[in-house]
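Structures given as structure tokens follow.
In the two complexes below, chain A is the common chain; its partner is chain B in one and chain C in the other.
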Partner chain A sequence: MSPQLLQQLFTADALWALAPLIALCLGAMLVLLSDILPGTAGLRRPLFLLTIAAAAYGAVHGFGAPEGTYMMGSFHHSHALSAWTVIFLLSGLIAFEFGQRYYKEEARFLAEHDVLMLTSLAGMVMMAGAADLLAFFIGLETLSVPLYTLAGFRRARSDSVEAGLKYFMLGAFAAAMFLYGAALVYAATGTISIEDMSGMGSTLTEPLALAGFALIVGSLFFKISVFPFHLWVPDVYQGAPTPVTAFMATGTKAAGFAFLLTLMGQNLASGKPVLPESAAWIVGWIAVITMAAGNLGALVQTDLKRMLAYSGVAHAGTMLLAIAAGWHDTEPHGAQTALLFYMAAYVFTAGGAFGLLAWMESEGGEVTIESLKGLSARRPMLAAAMAVFMLSLGGIPPLGGFWGKYLVFSCAVRADMIPLAVIGVLMSVIALGYYLKVIVAMYMQPQTQSHSAGISPRLAAAVATGVCALVVVALGMLPSWVLERLG
Partner chain B sequence: MSVPPSHIFLLAALLFAIGAAGFFLRRNVIVVLMCIELMLNAANLTFLAASRMHTLAHGARPDLQGPIFAIFVIVIAAVEAAVGLALVIALYRNKQTVSLDDVADLKD
Partner chain C sequence: MANLIFYLMAALAVVAALGVVAARNPIMSILALLGSFFALAAIYLVSGFQTLAALQILVYAGAILVLFLFVIMLLNLANETKLERIDLAMFHGRKAVWTFLIAGALLGISAFAALAIVPAAGDAPALPERGIDELQPLADAMFSRYLLPFELVSVLLLATAVAVLVLAKRNRGPLNLDQGGEST
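Presenting the complex of A and B:
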């Protein structure tokens, strides 16, 4: 490689655009080193936090940096990417804090756990910033392969290994589907750059390209757990260690949606969608069916973790509605703003709820509706936090989840998809059925099971729970403060 | 005489279909892993055939996007196989089986 080319590639702007990615990769290597070198085991936690802080600094710097495409057109830096990066980092941080004392017999492998998490975060950033199909594929695999391992992390337990294996098999199938789709798109268009594709007009609606995009979007639907690719979600979320579930439910979903937005042109300079307009109503109906599948599945669950998994499917459906509205939305970046806000609220809400679950599980085994009865008397603060998370997931004002839903449904209304918006609102009402069941059990029903001394106080988990609950409330009270900064 | 790209596309489509069918029909985890490899290689073949098609159409310079994509896919397929087989070993240690029929503890 000639020195001129290197100089063109590694400009200061390019390095700043890639700073979060570089920080996460370096951090992962340092944490791995701290595991190998003698006497440095205590550095694991500070190094992880330092890495997250460095990556966050890079992302915050990105808000002021010029937008543009770097690395020979494979990585696009935009202010939205910086916002997505912050969301990924928060998702990782929440999962990390709740995972601190969750593992017992695997505790000596915690350094590996953290390395895998940082690698996965790097994959998410790469996915969100990818401007061509190859960069996206590498990001997707950098995200997925560590997650397969993390899902099966409690390797002495057969349910964890089963979750890892199921996730791996379907993930590998989705990756193969994406690749074949990418190959067909490349055959039809002659390029793998999404920016170049967006200017191709009628070439994108040729049968070969359409088949390719259908496969690509199908594999993304798997990652964001959308009907009909959502069947793995309850099993994998239930079997995986709960902090990892929190990470999968928030971070992976955010990364998938970020790339869907790229395909919709909202992360690119051209601003033109690559996906054909005729898909708008199909995606819209898939969104509504996903909400129905998630909500109906959740209604009959008694295990809280499984219920939250189905609720995650319903939320993916709601978010997909903003994507479906993207073609006809009168505001050019409406879907981007709506999804960023939705995801920001969802990271704290679902992250907090799964985290709280992890905390309770490590004390008394599985958490069911039955075992939650009378929680408000035993642990009032914990019950209050759980109630905040449930109400926000249900979209009750004035909590963060409400504004996320409001923004998504207003996207659909602006795009003249009023029937879908109406069904979406009705679905939110059905969803309240199971969220309120949890609150009723905690506050209005007497204890039926005997409990050990109660949940031991843990600083990291308690602080994380408190911060999550406060942020959910703050996002609900001051949505305009966040929205102004988003765009 | 050379094979036209369209024939290679058809072969790749066939390989992908065989892989996908095997993925859903076979119950042995190892065989399912092999089916996934088949699908990945069908994608590789399509990339290479498409690259040749574009090169033949434009002529000036070989189109290298396809071959480079294929090289990355080969690397990542190896990574996936390593992690997949590790999970299979973990499964075997827990349950003394590699059949998907016996992996059904998690369900509604």
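Presenting the complex of A and C:
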């Protein structure tokens, strides 16, 4: 490599833009080393936290750095990317904290667990920052391969292995779909750079490009668990270890939406969507059907984890509505802002809810509505935190989840998709049916099961629960503070 | 002439791919896959991508297929997994609906794309990647324009190695972490 080329590739700006990615990859290797070198096993946890902190520092620095495309067009840095990176890191951190002392038989693989989480996070950052289809695909695989294993991490349990295998099979199918789509798009446009594509106008609506984009978006729909590619969600979310479920439900979804926003042009300098405008209503109706599928599925569940899995599908549908509105939104970055806020609230809400579930599960097995009865008397603080998460997931003001939904629905209204917004609001009301069921069980019904009695105090999980609940409340009280910094 | 070879090889690739799915014996499946890979390599060669064709044979037909064969022979799966027969009863109920819907959608998109390519073939854009098939331009592109994805692939490989280790390592019960880590 010639010196000029090195200087062209690795400018200071480029290195700062890639700082979170570099920190995560370096951290993964250090954690792996700490497992191999004698006497350094105790460094695993500090190294993980240090890696997250370093990556977060890089991301926060990115808010002040100039936006632009680096590495000869592979990576696009924007302030939104920094915000997405912070969301990914929070998702990883929450899953990590709730994973403390969750694994018992698998404790000997904890270092590998952390390495897989860090590489998966690196994949998310790459997906969100990808400026071309190749970079995105490598990011997608770097995200997915560790997650397949993490989903099947409890090897002794058949449901976990089944979850891992199912996720792997369908993930491989989605990856093949993406590649096929990318090949068709390349054949139609002659480029893989999304920035270049966005300026091509009518080329993008040629049949070949349309077929390609349909396949690409289909594979993304699989990752963000949207109808009709949501069928894997309940089984995989339920079978996977609960901290991993929290990570999948928040981080993976955020990364998928971040790239959808890139395809909508919101992360690009040109700001023009690559996806054809004619898809707006199709995506909108898919969003609404997803909400219905998720909510109706959740209504009949008694297992809390499965219920939250369906609720995750419903939330993906709500977020997709902002994407559908993106073509006709009168505010150029409306969808970006709405989704960033929605996801910021969702990371703490769903992360906290799944985490709390992991905590309870590791004591008394599966958590059902039945076993939650009387929780407020036994563990008032836990019940209060769970109630906050449920209300926020349901979109009750003044919690973080409410403002997320408000922003998404106002996107839809601005884009003149009022029927969809109305159905979305109705769906939120249906969703309250099952969120409130949890609260009723905790607060208004006497305990019926004896084994669900004790939840031993655990510092990491308790702090994480408390912080999640407080942030959810704070996001609800002070949305403007966050929104000013986002937009 | 080139067209003739192309269509011949394309047909062979499709037939061999069908053979992979339809063969009852896993070894036959793999041999059919080999045929498909070779046909694909020939297509690359006819299209002027000689490096890609060589890599296709070295990596896929060579390394990956041998791995497949090894795994099947070492685990002695050849007889146990032999399917009694293949019939439509394997696809029943709701599964069948989804299978046919998805397969139909993919086939539809393929046909759509193929029909869209045919009229456009005459004035197709000259793909810029065409020039990079020689080894040196390929390396130049890999270490400049595509350096970031290239480097991330190494992270992906590391993650895959760790993932395989986690899944495949023999379980010897819970490890007491106080004893200072594990030796193997």
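Following the convention adopted for this analysis, the second predicted complex is superposed on the first by the 485 of 487 C-alpha atoms of A that agree within 3 Å, B and C clash if a C-alpha of one lies under 4 Å from a C-alpha of the other, contacts with A are read in each partner's own complex, and residues count from 1 in each chain.
In the analysis below, a contact is a pair of C-beta atoms (placed from the backbone, for glycine too) under 8 Å apart; a residue touches a chain by one contact, two chains touch by 3 or more.
These numbers come from a predicted model, not from an experiment.
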Problem set entry | Touched partner set for A:Leu134, first chain B, second chain C, both or neither | both
Exercise. In the superposed arrangement, which partner chain does A:Arg155 touch: chain B (first), chain C (second), both, or neither?
Worked result: both
Exercise. When the two structures are laid over each other on chain A, which of chain B and chain C touches more residues of chain A?
Worked result: C
For this session: Return first, second, both or neither, reflecting whether A:Pro419 touches chain B, chain C, both chains, or no partner chain.
Result: neither
For this session: Could you look at A:Ala182 and tell me whether it touches chain B, chain C, both or neither (first, second, both, neither)?
Result: first
For this session: Pick one for A:Val145: touches chain B only (first), chain C only (second), both, or neither.
Result: both
For this session: Please indicate which partner A:Leu9 is in contact with in the superposed arrangement: first for chain B, second for chain C, both, or neither.
Result: second
Exercise. Can A:Gln238 be said to touch chain B (first), chain C (second), both, or neither?
Worked result: first
Exercise. Once the shared chain is lined up, is A:Leu165 touching chain B (first), chain C (second), both, or neither of them?
Worked result: first
For this session: Return first, second, both or neither, reflecting whether A:Glu206 touches chain B, chain C, both chains, or no partner chain.
Result: second
Problem set entry | Residues on chain A lying within both footprints (that of chain B and that of chain C) | 134, 137-138, 141, 145, 148-149, 152, 155-156, 164, 177, 180, 184, 186-187, 190-191
Exercise. Taking the complex as given, what residues does chain B use to touch chain A?
Worked result: 9, 12, 16, 19-20, 23, 29, 32-33, 36, 39-40, 42-44, 46-47, 49-51, 53-54, 57, 63, 65-66, 68-69, 72-73, 76, 79-80, 83-84, 86-88, 90-91, 93-95, 103, 105-108
Seminar exercise, completed: Given the complex, residues on chain A that touch chain C span 1, 5, 9, 18, 21, 25, 28-29, 32, 35, 38-39, 41, 71-75, 104-105, 107-109, 112-113, 115-116, 119-120, 122-123, 126, 134-135, 137-139, 141-142, 145-146, 148-149, 152-153, 155-156, 164, 177, 180, 184, 186-191, 206-208, 211-212, 214-215, 231
Seminar exercise, completed: Within their complex, chain C touches chain A through residues 98, 106, 109, 112-113, 115-117, 120, 124-128, 143-149, 152-153, 155-156, 158-160, 162-163, 165-167, 169, 171, 173-175, 177, 180-182
Problem set entry | Parts of chain A lying in touch with chain B, wherever the complex brings them together | 133-134, 137-138, 141, 145, 148-149, 152, 155-159, 161-166, 168-169, 172-173, 175-177, 179-180, 182-184, 186-187, 190-192, 234-235, 238-239, 297, 300-301, 306
